[in-house]
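Scrolling down, you'll hit the structures one after another.
Common to both upcoming complexes is chain A, partnered first by chain B, then by chain C.
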Partner chain A sequence: MIELGVLALRLALAGAIYAAIAATVGARLRRSDVVGSSRAAAYVVQALVVLAAAVLLRALLQHDFSLEYVAAYSSSTLPTQYTVAALWGGQQGSLLFWVLILTSMSSLVHLQNRHRNEALMPYVTTTLMTTAVFFLGLLVFVTDPFQRLPVAAREGADLNPLLQNYWMMIHPPSLYLGYVGCSVPFAFAIAALASGRLGDVWIRTTRRWTLFAWFFLTVGNLLGARWAYEVLGWGGYWAWDPVENAAFMPWLACTAFLHSVMIQEKRDMLKMWNMVLVLLTFTLTIFGTFLTRSGVVSSVHSFTQSGLGPFFIGFLVTVITVSVTLLVVRRPLLRSDNEIDSFLSREAAFLFNNLLLVGIAFATFWGTVFPVISEAVRGIKITVGPPFFNKVNAPLGLALLFMTGVGPVIAWRRASARNLRRSFTTPLAMGFAAGVVLFALGVRHYYAIISFSLAGFVLTTISLEFYRGTRARQALMGEPPATALAHLVNKNRRRYGGYIVHVGVVMAFIGIAASSAFRIEEQRTMRSGESIEVGGYTLTYKGLRHTDTPHVASMLAEMEVARGDRVIATMFPEKRFYKRQQQPTTEVALRMTWREDLYLVLGSYDDQSGLMTLQVFINPLVVWIWLGGILMVLGTVIVVMPTAAEQRALAAALAVEERGLAAWSQ
Partner chain B sequence: MPEISALGYAAGLALVAAVAWAIAAPLLRAVVVAPGAGPVDRERYRLEKERDLAYAAIKEADFDFQMGKLSDEDYAALRRTYEGRAVAALTALDRRR
Partner chain C sequence: MNATQTDIEESLTCQCGCGLTVHACNHLQCPSGIPLKEEIASQLALGKTQPEVLSYFAGKYGEKILSSPTTTGFNIVAWVTPFAVVLIAAALIVVLTRRWRRPVPTGGTPSPPIAPAWRARLDADLDDFDA
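== the complex of A and B ==
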């Protein structure tokens, strides 16, 4: 059975090489049979990768410890859901999982476009299959998931205990879907450059794919933050860890693209800039994968030191070289006749938002790679920690938050100072009022005051957008308010879904600002029966409890939580000891409310005396970050749903190209 | 490395044959010249695009005006500009027919 997996991977590699070459050759020779064969090969590659992944999954579930991968990342006592997660929990398996998603998306793209985009699709096939060749090449020649041990192990080493967590089950697949989803817009961008068809078609065709990738990058980042919050036990959710940064950077570039692409659609401008952003986003996804797998940075997320770094650098250099060459060659076709009419316009606001997003991405990139560069050039390892990132990115982030409020209020093309005054008076007053109230309440943390004021400003602009839009529809269509609001959102899902995403972003900002500025932290050593007061809570230590299974042993501290005289909860911060890995982990006890999280961490303990050290964190408004994430998801779902107008626009763009082709064929 | 049975070899061969057949089958079909490498009628494309952008701009200006984001003068100026562009694009397209 294992040999079938080996064969499937080798055949998949051969098939992907064939598909990549045949697609472009077929396009150049204008041979439909060759292009058709390349398309069939792309489907076959997916089927073979599915087969290989199924073989590896079966080996994991059957505890086949003759395989090095199964022995290294699972054990016979590992719960089934984590045994399945072990498929992406190790180096080789995660690469296989990556290529599984990539080839599945490739098949979906080919199915969606089987009767359209005939000029672009061969190059799309070449790009997607070339990426698949890279990953399959690694799996076949460098890091084989089906490598056998000389002698089968009697027991597996188990999955890293930090990964044995619910959030870790869904965080990597989400992030991979986001990362790999970026390959589709990239492939269409390369196809547009290679074929010279640089109109709107590639952008309209990939709009949903870009949103899909952005959606999963957002969810993946948030789930990662949630995992870090619950598993790492340091009281926070984001530490500017290099691998966190690696997932954050493509999200920033993708967000910039989603905004600037609207300017291209509406004004036929920024074609070159949009191309650069798509290419940058994909490059950053590969760079992120390189960071995780090369071992060049130390991180809680990274896989062990491996020899994959040079291969990833080679692939990155190839991607950048091909992209830049195509951009230079096609530069004349990427010029636009239109210009920004006024700097007081929505397109100018979007441009500024783009600069901020790319600025944050650049600062994050620099802070992430600087230690690596420093070590390589000077031999000195420098740590760039959260203070650097917070110092640089916090002001940029606040400026971005401000622009989130400015963009919706300004008209496309031109806005006069008088209208801006009218549009901004109420939001600015609300923002200012929020700041004054906080100051009057005794808040002296200026970043927090600015954040909350900006949040008030943005939420008011968005509310006014819904209100004025509804009023405008009422005036134009004579509809009652509820119908007008429903039609307003339904007829322009992209704009109003986007506003809902923005509300989610504002909520996340509020949560981040409050939890950073007003966190309470205490550490106490306690005896059984002793109570402490922290942030209005009375915590009484009732004693230690012990549980034991063949897989894991646990020590739990029973903590009674009271507010005033009323007992509101019993919480169990926990230390676990994973037997196979001989590794202790911390399991946080968390009580979440909309106001604050009570976050308990069991430090050290003495079983004999019953003494234990408890860390208590009170993190205000953290739940707003997760609720903001849910709103972002909801808003994106609204944005993704197609409207009749968009489908007409895509059909029109395709028809224009088809007519062009027909004219040429005659 | 465990021994591979005859059945295993047969399964492997069947897999290789299936892959080869799936990829080669399209090559056995009649060749149709694919419209892929030729240039688009760029001028017509440009004009149609110009027309569509002007329509969209007028619609957008109407809505922004209703929302109170545009002054009377800016609205009138924008409408004039984009109506002019739409008419110019339509005239040029008519001439090409």
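== the complex of A and C ==
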């Protein structure tokens, strides 16, 4: 059975090499049969990778400890859902999982475009399959998931306890869908450059894929934050760890692209810049995988470390070289006939939005690699930790929040004084008022005041948009308010879905600002029956409880939570001891309300005396971050739903290209 | 816990491998974080100021223990580069868009723009012709 997996991977590698070469050669020679065979090969590659993944999954579920991978990342007592998650819990498995998603997306792209984009598709095949060749090559020659142990292990070493968590089940797949999703727009960009068809077609064809990738990058980042919040137990959700940064940077670049692409669609500008952003996004996803897998920068998340670094660097250099060469060669075709008319225009606002997003990505990149630079220049290892990223990125982030309010409502080309007055007078007043009220209430945390003022400004601009749109429909169509609002969103899903995403972003900003500025923290050693008061809560320690299963032993502290005289909850902060890995983990007890989270961590304890140390965090408005995330998801779903207008625009763009070619051949 | 103790804990990195600051690390009986917290308290008890305590730790454990780069010497590069890059890029945007806006002097009537697809076809055919 295992041999089948080995064989499948080798054949998949051969198939991917064939598909990558045949597609481009076929296109150059204008041999549609050769191009067709490359497409068939790409489907076969996917089938083979699915087979290989199924073999590995079967080995995991059957606890086949003769396989090194199964013995290293699972055990006979590991619950089934985590045994499935072990498929992406270790290095070889996660690379296989990556190719599985990549080849599945490749099949989907081929299926979608079987009668479309005939000029672009061969190069898309070559790009996707070349990426697959890289990962399959690693799996076949460097880090084999089907490696046998000399002697079968009697028991597995188990999955890292930190990964045995609900959020970890869905965080990596989501992030991978996002990462790999970015390779589809990348493949189309390369195809557009290679074929010289640099019109709107590639952009309109890949818009939905870009949104798909962005959606999963967003969800993946949020789930990762949620995991850190509940599992690492230090009271926070983001530590600017290199691997977190690795997931954050492509998200920033992808967000920049989603915005600037609108300028190309509406004004036929920034073609070159859009290309750069797509190529950058893909490069950052590979760089992120490199950071996670190479161990070149130390990280809590480097669950596996290996000698894969040089291979990834080689691949990155190849990607960058090919991209830059194509960009330089095609530069004349990427020129635009239009120009920026004024700095008070939506085009300019989007340019500055892009500048800030890419600026934050750069600052994050810079901080992540600076320890390596410092060691190379001075020979001294230094640490670039959370305080650095917070200080550098906070001002850039706030500027970006401001632009979130400006970009969508400022006029195209040149904003008139009337447009500016109409769009910004009320929002600026509301933002200013929010700041004044907070100051009057005694808030002296200036970053928080600025954040909340900007949030007020942005939320008002968005509310006004909804309000004015609904009013206009009411007046024109005579619809009741609810119907008018629904129709308003439905008629222009891209615009109003985008606004909903922005509301989500603002909510996340509010949550981040409040929880960073106004966190309450207390640590106390308590004996049974003792109470402490923290932030309006009375916490009474009722004693320790013990539970035991063959897989994990737990110690729980029973905490009665009261506000005033009223008992509102009983919470059980927990320490777990995973028997195979001999590692204690923290299980946070969490009580979420829209106002604040009560977050309890059991520190040390003494079973005999019943003494225990409790850490209490009161984190205001954290739930706003998750609610903001849900709104971002909801907004994206609205944006992605196809509209008739969009289909017409794509058809028109295709027709323009076809007409151009037809006219030429006559 | 007073503000200075917390501030210093935030300015030092726990050496247990967690990658967090000394303040954030909550490992059970952490072999690095807990002694460091005590050492900070004893240094503060000597009446030292925050910068003095931090330079004591940097001297004893190496610069690696500080959770962000210092603002001296080569480390300034770490702090300045992100802002410098953003500002230079902003200036570049302004200059480039200004240049776009300037009318390009042309002799005679400008030729109509060629559709990208046509141009691609032309390139391809010229390539074929050359070959």
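Keep this in mind: the second predicted complex is superposed on the first by the 642 of 666 C-alpha atoms of A that agree within 3 Å, B and C clash if a C-alpha of one lies under 4 Å from a C-alpha of the other, contacts with A are read in each partner's own complex, and residues count from 1 in each chain.
Here is the rule we use: a residue touches a chain if its C-beta (ideal position, glycine included) is under 8 Å from a C-beta of that chain, and two chains touch if they have at least 3 such contacts.
Quick caveat: nothing in here was measured; it's all calculated off a predicted structure.
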Quiz item: Does chain B (first) or chain C (second) touch A:234, or do both, or does neither?
Solution: second
Quiz prompt | Contacts of A:197 with chain B and chain C, given as first, second, both or neither | solution = both
Quiz prompt | chain B versus chain C as contact partner of A:615, first or second or both or neither | solution = second
Quiz item: Is A:148 touching the first partner chain B, the second partner chain C, both, or neither of them?
Solution: first
Quiz item: Regarding the shared-chain residue A:4, is it in contact with chain B (first), chain C (second), both, or neither?
Solution: first
Quiz item: Is A:383 contacted by the first partner chain B, the second partner chain C, both or neither?
Solution: second
Quiz item: In the superposed arrangement, does A:415 touch chain B (first), chain C (second), both or neither?
Solution: first
Exercise. Enumerate the residues of chain A that count as touching chain B in its complex and touching chain C in the other.
Key: 195-197, 199, 656-657, 660-661, 663-664
Practice problem: Report the residues of chain A in contact with chain C in the complex, numbered from low to high. | Solution: 195-199, 233-236, 239, 241, 298-300, 332-333, 337, 339-341, 343, 348, 351-352, 355-356, 358-359, 362-363, 366-367, 370, 374, 377-378, 380-388, 391-392, 396, 523, 575, 584, 586, 601, 603-604, 615, 656-657, 660-661, 663-664
Quiz item: So in the complex, which bits of chain B are touching chain A?
Solution: 1, 4, 8, 11-12, 15-16, 19, 22-42, 44-45, 48-49, 52-53, 56-57, 60-61, 63-64, 66-71, 73-74, 77-78
Quiz item: Within the complex, which stretch of chain A touches chain B?
Solution: 3-4, 7-8, 11, 15, 18, 26-28, 30-37, 39-41, 43-44, 48, 118-119, 122, 148, 195-197, 199-200, 266-268, 409-416, 418-419, 422-423, 465, 468-469, 472, 475-476, 649, 652, 656-657, 659-665
Quiz prompt | chain C - residues contacting chain A, complex | solution = 1, 10-11, 13, 17-21, 24-26, 28-29, 62-69, 74-75, 78-79, 81-83, 85-86, 89-90, 93-94, 97, 100-101, 113, 115-124
